[in-house]
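By letter and in written order, the chains are A, B, C and D; residue numbering begins at 1 in each of them.
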Amino acid sequence: MTRWTTTELMACVIARDLVDGEVVVMGAVPALPMAACLLARATHAPNLDFIVGGSGTVSPAPDRLPASSCTGELAPAEVTLPLPDVVSLEGRGDAFDVFCAGGLQIDAHGNCNLVAVGDWERPKLRGPGTVGLPFLPNTKRSIIYTQSHTPRTFVERVDFVSGPGHPSGPDEARPYRKQGPSLVVTPLASFDFDETGRMRLRTVHPGVTVDEVLAATGFEPAPGPDPSTTPEPTEEELAILRDLDRDGVLRR
Amino acid sequence: MRPRFVDADEAVTSVEPDSTLGVGGMQLTAAPMALVRALVRRRTRIGRLVTSPSASLQADLPIAAGLVDELVSPYVGFEHLGLAPAFRRAVEGGSLRVLEIDEGSLTHALHAGASGIPFVPCPPGIDLTDIPRVDPTLFRRVVDPFDGTERWAVPAIRPDTVFVAAAVADEHGNVAFDRFPFTDRTMALAARRLLVEVEEVVPAGSLADRPPGTTLPAFLVDAIVVAPGGCLPTEYPGRYGRDDETLRAYLAAAKTGDPDAVAPFLEEARR
Amino acid sequence: MRPRFVDADEAVTSVEPDSTLGVGGMQLTAAPMALVRALVRRRTRIGRLVTSPSASLQADLPIAAGLVDELVSPYVGFEHLGLAPAFRRAVEGGSLRVLEIDEGSLTHALHAGASGIPFVPCPPGIDLTDIPRVDPTLFRRVVDPFDGTERWAVPAIRPDTVFVAAAVADEHGNVAFDRFPFTDRTMALAARRLLVEVEEVVPAGSLADRPPGTTLPAFLVDAIVVAPGGCLPTEYPGRYGRDDETLRAYLAAAKTGDPDAVAPFLEEARR
Amino acid sequence: MTRWTTTELMACVIARDLVDGEVVVMGAVPALPMAACLLARATHAPNLDFIVGGSGTVSPAPDRLPASSCTGELAPAEVTLPLPDVVSLEGRGDAFDVFCAGGLQIDAHGNCNLVAVGDWERPKLRGPGTVGLPFLPNTKRSIIYTQSHTPRTFVERVDFVSGPGHPSGPDEARPYRKQGPSLVVTPLASFDFDETGRMRLRTVHPGVTVDEVLAATGFEPAPGPDPSTTPEPTEEELAILRDLDRDGVLRR
């Protein structure tokens, strides 16, 4: 037993990656990315702003981490944008810095799939749908997180691209750009991307081996420096998180 | 003209079978369940169901009842409670046709519908996904007459009927939302016929101080249903919270795949 | 990032000469005159001036000063007080190029600019007018990929800089409008750089209860100018009324055609 | 001297034409059409709604008739639409019934010109601009009013169509539709349109002769029934108008 849960560690990994002054957007089931944003604001990024999905709330500080992205518990926030404005600005492309996203499948180039596993016409698993993930390339970068790190979720190529990652190779029509996924956080490890846009193991979480991560990953990550161990949550980080998370959403 | 005040069962008699129905409510909030339940009780077939960028029970329940032919929705799910059982089953079983769309294209298509704009070129992003490639109904290529490039475009969406939930109506039938209008106002402006369920009726003149963008004028509304708690088991912000227990019971019932199992959820919610 | 709080003279130093400037304010209300006056005092040339669907002094004053090359505006006038003297003179004399546009096309073009949408097909109506026929800069024919018909279309408009007037800013730089945001919010969302003049500053947290659609988040604002009475001689609803006497004096001065005659109107208004 | 002003009479003519339950839109300098709408609501059309231009206010009942269409004096109204929504609904085409409009030039087929008299490139008179007049054909009908009835304002064909009227003849590509201008009100007379869409003299105001109207009109109106005399404002109408118009805007 650790002092902290894997989800708390994931919140810390995301929080540490956020930069003061950035604007973050997130979608459904916002507890984890919200915890990360609020933690970042309480530590090194007091001027970070974040928008909680469909609610359009900007940097809300509710009494507890909400289960839903559209709950009235998110009010009051600093200000609230109408949802159509959030959608507009996601398309405008220079309004938001970081998009927090996930997927039923995530591939070696950071493409996300929330639509269909298997054939789209008659899928083995129908996902809920893509919501705003097509807008991923319109932020400066995206952070991908998932609670499921298995060879079925981490695949060489998603069956359906619903959230664009990096281009899959030099032959692809779209050129590699700096914009795109920059960090992937799972219950086992964290990844970044090499200069070709392929996912690369960056850190393994305390108590997890590199071989365990590779066995859970359905593709071969790009070579890179030896992964280090993800730094544990500090006492300060844990105290802040638990003050935010009175219902223990991150401790389940 | 001003709207009529009617009950939900009467209101939904105006929904033409096999027509296009838009349902408001975002994620687990403000689903117009009083109207949806009445329509499902009547067993009116829905030719095309259009939802907000993210729907839950307002889409899954009519699908569970086997009443939906086509779906236009960027997301049907129950957030922390899990996937949408009837939606999953129907798509995986091939009985529901999905017209794949994303939040941006849908929102802009509804805005176009509200504005007399015939189609809208898509913002960047969608072109890097598989979404526009699987069906030409909602996505076609258009040549930008200003720079000559090709882009994806979506057609305007104007549902024949729209259901949304609002907080209050005044006696004249003007309507006000409490906190988050989501895309419900946009969908309402795109409606050919607009049915609104509200929590309560307030005196004429009460909405005078509501800011622009939080109301709908009476002349856009065809009928108003006064249904306190009508959004349950979803939340109406500032009025009542989400009923996770009932939502979990629904998910368990819908997972069985037995249409009769969801019958209890067609009855009016109790607060 | 959060906006800087600066004075009007400093704020307008960021306006690039010969760039596109959007000015908010509708008819005789909420013209961002503190910023406009500062820009005219600096004698920054405006390559293209884009206004709200109806502008008055915020367009006529820079035109009177001889600073505007091209104008995109559906209306420049002073309602009951009469036509816009400098605008009339400049167009009739051939020194100002007008890119003719109507309220609908402009509003949709700004919305497109705010949304990453490259162009928008026009709603019906404009096709029956001469407006789209006189200049191809803002109107081109596009083929609807869904029904094959030809329509007029307008390109997205994203001004390099936008000036709008709002009621208050909080200490973090979030901004709130009082009653009528007009199209100022749309123009603000379309801006590449957004400068906002406000009547006063309120403590952080004060805007939490403002409904969606009445505010702008700090991260969209580049600079805030605190300028009580800054919209005068136009009105700011709920704060102060229109100053018809000063407006009439301006109209008389501008009618002379002497640029020096309008110099007194470049000084800050007094309440 | 009459008991009433010409502008008061014009307000009565417009008010009597409005039908209960209709939704009216209007633009700049709204005092006259607002007076007509408020008068109609106070008499035969209690469920009439109207939207005052850029303000987006729906059926406001201010203390006095406002000079400007965007003044805070219009608040509070029953409800207020954001201006972009008014613009959207004008394009949608089935939201509003009546559009009240005017022009520097008005022609025999009800086309309005608010843009340029003479050549557009180098006009003799540059108008303020067209604002929402291109949306005229999207309402069920339009009512045209002007304070200037001269051969220069009432012309056979406007120099620039900024607000579409009826098609000018059977050769024109656009077919004649019932939608379009249905009533024109001036300080001298009122007009309607025949089945070809050409303006037809309907009534002459008390004290004005038909010959005076024809001399002031720069085209030959379509033949029709003999024009009658415009009924004077009733005592009730005048009392209502003067209660609305405390500043005497309609009495100047």
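Here is the rule we use: a residue touches a chain if its C-beta (ideal position, glycine included) is under 8 Å from a C-beta of that chain, and two chains touch if they have at least 3 such contacts.
For clarity, every value in this text was computed on a predicted model and none was experimentally measured.
Listed by label, the chains that touch chain B and also chain D are C. Measuring from the averaged C-alpha position of chain A to that of chain D gives a distance of 57 Å.
In this assembly, the C-alpha centroid of chain B lies 36 Å from the C-alpha centroid of chain C. A straight line joining the Cα centres of chain C and chain D is 28 Å long.
The set of chain A residues touching two or more other chains comprises 56, 75, 80, 82-83, 87, 90-93, 138. Shared interface positions of chain C, defined as residues touching 2 or more other chains, are 108, 111, 115-117, 123-124, 179-181, 185, 210-213. Chains that are in contact with each other form these pairs: A-B, A-C, B-C, B-D, C-D. Against chain B, the residues of chain C that register as touching in their complex are 108, 111, 115-124, 140-147, 149, 151, 153, 155, 179-181, 210-214.
By the touch criterion stated above, chain D contacts chain B in their complex at residues 21, 23, 47, 49, 56, 58, 75-83, 85, 87-95, 138. Residues 26-30, 52-54, 73-77, 79-80, 83-84, 87-88, 91-92, 94, 100, 102-104, 107-108, 111, 123-126, 128-131, 134, 179-183, 185-186, 213, 235-238, 241-242, 244 of chain C touch chain D in their complex. Chain A meets chain B in the complex at residues 27-29, 31, 53-56, 67-72, 75, 80, 82-84, 87, 90-93, 114-116, 120-138, 160-164, 174. Those residues of chain C lying in contact with chain A across their complex are 1-2, 111, 113-117, 170, 172, 174, 176, 185, 189, 192, 204-205, 207-213, 215-220.
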